[in-house]
Amino acid sequence: MHERRPGKVTSPIVSLSTSYVKLVPFGLILAALGFGIGYLMSGGDFQRFSFSYLTVFCTALSTMLGCLFFVVSQHLTRAGWSATVRRIGEIYAMSVPLMLLLFLVILVPILLMNYSAVYGWVKDGWTGGSPNPSFQELKDTYLNKMWFGIRIVAYFSIWGLMAWSFFGTSLKQDTTGDKLLSRKMQKSATWKMIIFAATIVFASFDLEMSLAPRWFSTMFPVYFFAGGVMSAFALISLTSLLLQRSGRVTDEITTEHYHDLAKLTFAFVFFWGYIAFSQFLLIWYANLPEETFWYRYRMADLAGSGWKNWSLLLLFGHLFIPFLGLMARTVRRNKTYLLFANIYILVMHWVDHYWIIMPQLGTMKATDPETAPLALPFNPLIDIPMLVGITGIVITFFCVLAADRPLIALKDPRLEEALNYKNV
Amino acid sequence: MASTIDMSLDNTFEDPSRRAPLVLGGMDYGDVTDNVAAIWEADRPPKTWYVVFTIALVLLGILGACLFHLIMKGTGVWGNNNPVYWGFPIVNFVFWVGIGHAGTLISAILFLFRQNWRTSINRAAEAMTIFAVVCAGLFPGVHIGRLWVFYWLFPVPTEHLAMWPNFRSPLLWDVFAVGTYATVSLLFWYMGMVPDIATFRDRTKTKLGKFVYSLLSLGWTGSARNWHRYEMAYTILAALATPLVLSVHTIVSFDFAVSQLPGWHTTIFPPYFVAGAIFSGFAMVVTLMVPCRSLFKLERLITIRHLENMNKIIMATGLMVGTAYGIEFFIAWYGGVKYEGFAFWNRAFGNYWWAYWIMVSCNVFIPQLFWIKWFRTNLVAMVIICIFVNIGMWFERFVITMSLSRDFLPSSWAMFRPTEIDILMLIGSFGLFFTLFTLFCRFLPVIAISEVKNVIPHDHHDDEHGDHSGAEVAAAH
Amino acid sequence: MAHSHKPEKEKPVGPSSKLVSLVAQFDDPDSLVAACDRARREGYQKMDAYSPFPVHGIDDAIGIRRTRLPFFVLAIAFCGLAFALFLQYYVNSTDESPLFPGYKFFISGKPLGVPGVPANIPVTFEIIVLSSAFATFFGMWILNGLPRFANPLHRIPRFRRATNDRFFLVLEAEDEKFNESRSRQQLEEWGATAIEECHLDLTDHEIPKNFKMAGIVLLFALLLPPALIYRAAGMTNRNPRLHVVPDMDWQDKFKTQTVGPNFSNDELVPDYLFGDPSAMRHPVAGTIARGDATGQDEFHLGYKPGSEPAPAHGGPNANTQDPAVQDPAAQAAEPEWLTSFPGGVQVSEATIARGKQRFEIYCTPCHGFDGNGGGLTNQHAQALAVQGKANWTAVKSLHDPAVKSQAVGRIFDTITNGRATMGPYQNQIPAADRWAIVMYVKALQQTGIETTGATAEASSATEAPAGN
């Protein structure tokens, strides 16, 4: 019979130890360079910069929220297999409240300067190309800058508290080894999951759906969530791969864990496709003007705007290619393939948010989006540095939070189970 | 050993360092077989079985009479009117299809998530799925009016008609979705049952039993090479059934949501219907398994922990459904479309307000009792709550369908009143369901014997790791 | 579990049976896996383990290669995808085919062909899942060599516990390493709790007699359908087609102009349903037939009431298809057309706008937007007429001097009752709207659009009498 590994961490290096001191400045420089070049290349156009910035922000935020979901769900379901990779998820989840700092770039101009070039509803009488009439009532009660600011701060505080309660308790368990802490986290995961669901619903409405005020889809929060969780699994897998390449936690995270993470990524690629298709099909089929204008802009290639190609990129790049690619067991268990696949998934997640957010730049600039749609604004000199910038931020946050703390839950009571299971 | 039923062992404890045992009373492999086979080996089933079977047969007879009346007279015997073209038949259809989701969910999705506790309940849940789908298929089946040309539903080439079904219609998608679902569920159920039927074959004493079970078990021997391909096939079927189970209720929701009717056209419908289906299906499983386990003495296999887990899932899906109700209301206001706003206001305070509040109470408020452990683990309480859940889920479909009664044209507003035939057919469909289910309990393995053996700790190891390795075997999928 | 396998043991002894394998029983899965491991390391290749549930680690112990089933399923899934897309494209987006024509039906604004693919995804998905599930299910049984009902292992009573609580290792006699006594010794060494011999009964080859009989009967039964078809091929049958389900072929109803039911038994004193033999009912007293309610005033007629000529030819209602048939004398007699708009018609820009809108709905298909006969119907019909495929009188240009000079009442009458090939519009267009169209036509005639030569000639030539 197979010998069982005891539930002990045996890797020689289990933390970033001192290298985080070097990595934090590296991340910061990367961020500064990326965002700086992005701003310069947009020629000082703050609106263009803000939209691009919001895209990378939402890409990163939804991914980190996916990590938070991962942590909560693993506690909720008493999962055993994930004990080795949950800490990485906890660290990313902990970066969510720090993301509020990043959002200030968008939020402060709105609050202080009435800046309406990103969230159009800040300005009176603007409908964002929607055939619906004015929405004064909605603005009076919900979509106004004060409420928006309060809600944003509330979301991030709630997420921060949630992430901290898991991260902190888990760190405490590292030293005490108290298995009752796991039980405590499991119990609180129940109502935390509800709060998470409620906040992510309204956060997705506020951050992305309200860019096109009066465009509405009840499916939108699920869409936001599905993409975020998909890329969260890719990010956790990618981080584990990179950490192991640098000689950390080499013994604990095994092929079996990568296999499972890849299976979950695969599942959420499909789930995202399911949600995206259902949302599209219902709107396409019913053909109501108050809904279709949003898709029409993105898919009908109005006046050769190029958005149609971006939609096709999303369809093939975000659904079909990863679906077929991650179907093979060989790919799921091969670390080299996975390294590439995870980066690819993360880029596709950015493509997805680009597709949601950037067309609104066109409606902001054009007086009538139907007749004068703005071409696909993709400019590699702006958008790619922005992507590099957010990568720098993610690295910084990860390193600051991980510091010299263990990168694996050292005394998790389910570690033994995690170290001993095998996929077929 | 089999006689010592250690029911004092509470397996609902929460201890993160070890997995709770899923089979109680220290049963070994033989005990599991004996326990399950006893139901079928008994000379005659318990009296309660006869009572339930008789009632079910009577109800089935009522259903048959109603169907005869319907076919002779036409669909006018139903209460469907203008504008409520879809009355009870669609409500009952969606209700039963929803119930039919639990089985495949338990056998496929929980399997992929390596939830070992599913092994004790999956067989009965799968059987329930198939019977529920049969009940569901009945309603649109007889709704087509001229039953004898039912094959027009399928793309059958005909020279004289020069006509094909319309593949752009969600109702045709339904034909394919429900048809595929019924077929795949049947394959899955049967395939899972083959090793257990082989067990029956090797135990039966009658000639007829030997013949029938030999035929059904296909000559299964339990060879390791066979098991290897069998497990692979089981995994693939599970991987296929998982998106399938999502797609079925999604497509059922498309029936409503692709339209432009306020209250029907909303994009959250697909996942919301799926959550609702799991919700009602699990409630039905609990309702059936609680009496079954005491009637057939399966308490050591279907433990309180199994039921508690199911109750937790009921609570979670109930919350998802509740969240969807909330999002719908919020967006009806946020979107600013006045028809949409009216439709939702009318649901809560309009002509069918009572149905709406029955739905909300049963689906959202009552399952909240499962936050309290006593309700999760008390047999009577959980059955009562689960019955309420199913009442609530029936009313959810009723409320959605009744959006028709207040459509765009106020001059054609009308109330829907079910006729006696409507009500008797709904009751009669339970007769069909329970007839099939009671027969299944009597003649086929109610519990997946071979799968349960997988989660029994190997008693030759030390106890602490025993059930881990059991967990590990199932985890291996 | 006593040793009750005596009857089986008697049989195999002798030349009539052959040893096929040794069956070793183990009491728990771990010892089975250990034994398999040993056997493989000893070099046994033809062996198999039997257990009531899949034992973990047995695949490696026996050396089972991963099955190719997933690839088979994937291939079938792609076939399902192609089939589903083809089926839906063929059925709903094509029209002509030599065998079974597709049903190209444009419905609810959903585009045909590739742009309409989103509506085809659900069925495509279901067909992929269905075909893959069948591939998995049947592929698994085929690869496993099942169903196989005749298996010598089933004859060993002890082996029945393989589906209950015991574990078996079977070493086959065909294996190169197999040696009955040595293998038996090895199995005991590896911890077998019991060892049995599995024999194949060589005498038991006969097919049972009733099987043969059934086969012969079945064979003859199979010949029947082709024989019947062959017989029917050259026959003529005068009987009507068999109606399994009558549907609406025959209905219980009375047709018009037939005798109603008579309930009386006495022929002299009939008792009809409605009091008279007619199956049809007479209209209720005071019923006004459609069109009879039209007012007989200037507004509805277009001429002064009472000024119409003698009703010999139907007055202004002459709508004969062939103008040549019309009596020129009768044509000359015309009512007194209104030359200005009657009371109730307000001459205003709004009315003209209304007239324009109605004109564009009802008149442009033939007369064209400019009134010169450029409408699609006219163009198409004229093209067909040139090819000799249709009989068509060219549409009259509204700018033809003959039309220009017409009184408003006369134009109104043309719209109301039609002229030549033009049909009457009184049922489609309310009188007020007809006046509005007249007003618009008059306005159109003031625009200075010239009559296009050919059309004008053709139209004046064909409808000259009416134009005067």
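Labels A, B and C are assigned to the chains in the order they are written; within every chain, residues are numbered from 1.
Quick note on the criterion: a contact is a pair of C-beta atoms (placed from the backbone, for glycine too) under 8 Å apart; a residue touches a chain by one contact, two chains touch by 3 or more.
It should be emphasised that the depicted structure is a prediction, and the values quoted were computed from it without experimental measurement.
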> Quick one: which chain's Cα centre is the longest way from subunit B's?
Replying inline: A
> Which chain pair shares more contacting C-beta pairs: B-C, or A-B?
Replying inline: B-C
> Quick one: subunit A and subunit C, Cα centre-to-centre, how many Å?
Replying inline: 45
>> I'd like to verify one number: the distance from the centre of subunit B to the centre of subunit C, where each centre is the average of its C-alpha atoms, in whole angstrom.
In response: 31
> When the centre of a chain is set as the mean of its C-alpha atoms, what distance in Å lies between subunit A and subunit B?
Replying inline: 35
>> Which positions in subunit B are in touch with at least two other chains?
In response: 231-232, 243, 247, 254, 472, 476
> Can you list the subunit C residues in contact with two or more other chains?
Replying inline: 30, 108, 110, 119
> Which subunit A residues sit where two or more other chains touch them?
Replying inline: 281, 285, 287
> Residues of subunit A touching subunit B in their complex?
Replying inline: 4, 77-78, 80-81, 132-133, 135, 137-138, 142, 179-180, 182-183, 186, 190, 194, 197-198, 201, 205, 214, 216-222, 270, 274-275, 278-279, 281-283, 285-288, 290, 413-414, 416-417, 420-424
> Where on subunit A does subunit C make contact in their complex?
Replying inline: 1-2, 277, 280-281, 284-285, 287, 327
> For subunit C, which residues count as touching subunit A in their complex?
Replying inline: 30, 33-34, 57, 74, 108-110, 118-119, 121
>> Quick check on the complex: what are the subunit C residues that touch subunit B?
In response: 28-30, 36, 48-56, 58-59, 62, 64, 66-67, 69-70, 73, 87-88, 91-92, 99-103, 105, 107-108, 110, 116, 119-120, 122-123, 125-127, 129-130, 132-134, 136-137, 139-141, 143-144, 146-151, 153-154, 160-165, 244-245, 247
>> Applying the document's contact rule, which stretches of subunit B touch subunit C when the two form their complex?
In response: 28-30, 33, 146, 148-149, 155, 157-159, 162-170, 172-173, 176-177, 179-180, 183-184, 187-188, 191, 195, 198-199, 201-203, 214-215, 218-233, 236-237, 240-241, 243-244, 247, 251, 254, 449-451, 453-454, 458, 460, 469, 472-473, 476
